[in-house]
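What follows is a single structure, written as structure tokens, with notes after it.
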């Protein structure tokens, strides 16, 4: 285990910048949502944004180092959701996880509780899917306060082709290789949800 | 009573920054809305944003010190609504009160004049409510220009579990322990209203 | 007639700042809209934003001095609409006129071509109207490229209680004593239109 | 052929600034969309934004020089869509082409797959059309990954009076004499689409 304090501060600076961006879009209202980046794979360690702060005002030190169970290794108090970030990273091999609360994701989760079917959209290429002829479903899972239960649901429901899951009544989990790719996947998924929400 | 001029300026600086934030969201169009922070509890004194100014352009001195009846103790002319701020602070123990005019709050007040029922939403945790199984009602009260009448309605209608009330045809009152917590409660309540507004 | 070049530059600086603000809201897309301020009343002279420029990129010199007919007295080419600005200033005594193209104004003009009826809204106080019990109509007039015709329609339709008119298929004209008051009236009228647009 | 490296950097700086503007509107989510400017007409050479980057974070060197077939002459990897930019420039004589992914364009393409009929809107003047009595159709073409096919569809469908085409399930192509005019055309077309989207 070689993760040093400077590594964590550096990760914290990246997460603070990404958080401020998402907050400016209105996707992290209140103190909602959290972001993470994998800083070591074996053993699994993630830097996760600290809980309870305004996500537009994070500093590089507002970060917690957690293990594969989401327990704090260094830094302050992680959100309970850190455990789900760690599970997503372990399950998918993602290097970064974004969890945001967008109105469109919760609204579409209500309209399509069985999953949001997407097809024939160029924007699907932004999450690695074909733009034509292939139906892709963005899974919607039932919310839980138990991260084990929520993780089981995510694992059971996720489509390996789609780096995102909607949690009903809650928001979005999205992942990517890097914080920047996770950002782009998040923007693409949210765009798709905003599009579907325009359907009458 | 030990509230000094520097205290008030400091409070004014905080309120100016919070106002500029809300104005940037379009929640304080024209010169609408006002914010306050409790600067002394006994006797009750609040710093309230001065009336008639653009809420995106306040300076630290655009603030009025008012008493429990909303009457000016120092500074310029308070809004008549200062009396309601003071009453909310007295009634709820809040340290800060936000009053904004959002389109979503007035639109939802029209659709649900008897109160806006919320349930099974993670975002409810942002106002201290359970995310599952429990129905919480955001009260809607009838508007009045008489702050005594409006305060009576707020007192009668408010749900102690919910730090906010919608005033029909008018906007939102939201409160919290501090200006930052009141901001977060406001963002959460507005998010919930924007979500409900997507219902067809 | 004492309007000097410095006066016009000063007026141009104010108009540039106001334009940049409205442009940031998306209300002056393309090069649409124009703003004016009265710089002398007798004879009537208005500084009007120059035509054809991006309204988010105006400089203090992107301004034209026009007379009561909207003809250039100094500076570059005024928009044909300068004549309507001058007529509004003469007709209403306003010191500043705002003309913006907002989606909500054109959408509501389509839904309510006979005028947009407003009632029981606190926000009406922001345009000097009572918040209760009194119905106020925001007039909608038919568009024309002939500023004389359009001015006649505005004069015939306007409600002296309401400092604004919707031009169908076109946008908003709003006025006030000063550029800041005209801004606030514009924000209030647009807020009211956005609210009405949420009606299903 | 006299296009020099400084020319390309200069074009890259313009494209980076225009991209950042469009990205701030949410019209280039993920890494979507691309912009181009003609740097030489004979032979046809365009500077096109480099593929795969965040469109809000481009630098002046994130640009590729391409020929009439969209093949790279200098710089990195162009998007496949560079070929369509070149074809639009050749076909229309445009000096700049904007391709953005807006929610409104895809939503309206779904509602009106045969073309979006516009009429009696002042904003049409922003794309050189009459504001009264004349019906103009914004063409909608079927999407393809084959730029030859997509270009044939654009050529067959385009209305010479309208500097824009909607690609169904994809986004907008818009053009103008200069990057600034292409920007203004894009803003105008998007405004028109957002207006039509408010129809119930």
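Observations, loosely collected:
Chains here go by letter, A, B, C and D, matching the order in which they are written, and residues are numbered from 1 within each.
Rule of thumb we're sticking to: a residue touches a chain if its C-beta (ideal position, glycine included) is under 8 Å from a C-beta of that chain, and two chains touch if they have at least 3 such contacts.
From a predicted model like this one, the values you see are computed outputs, not experimental measurements.
Rotation angle for the C-alpha superposition of chain A on chain D: 90 degrees, rounded in steps of 5.
Where chain C touches chain D, under half of the residue numbers in use are shared by the two copies, so each contributes mostly different positions. Mean C-alpha position of chain B lies 32 Å from that of chain C. Counting partner chains per residue, chain C shows two or more touched chains at residues 200. Looking at which chains touch one another, you get A-B, A-D, B-C, C-D.
Looking at the complex, you find that chain B touches chain A at residues 25, 120-123, 126, 131-132, 180, 183-185, 187-188, 190-191, 194-195, 198-200.
Across the complex, chain B meets chain C through its residues 26, 29-32, 54, 101, 103-104, 106-107, 110, 143, 145, 167, 169-171, 197, 200.
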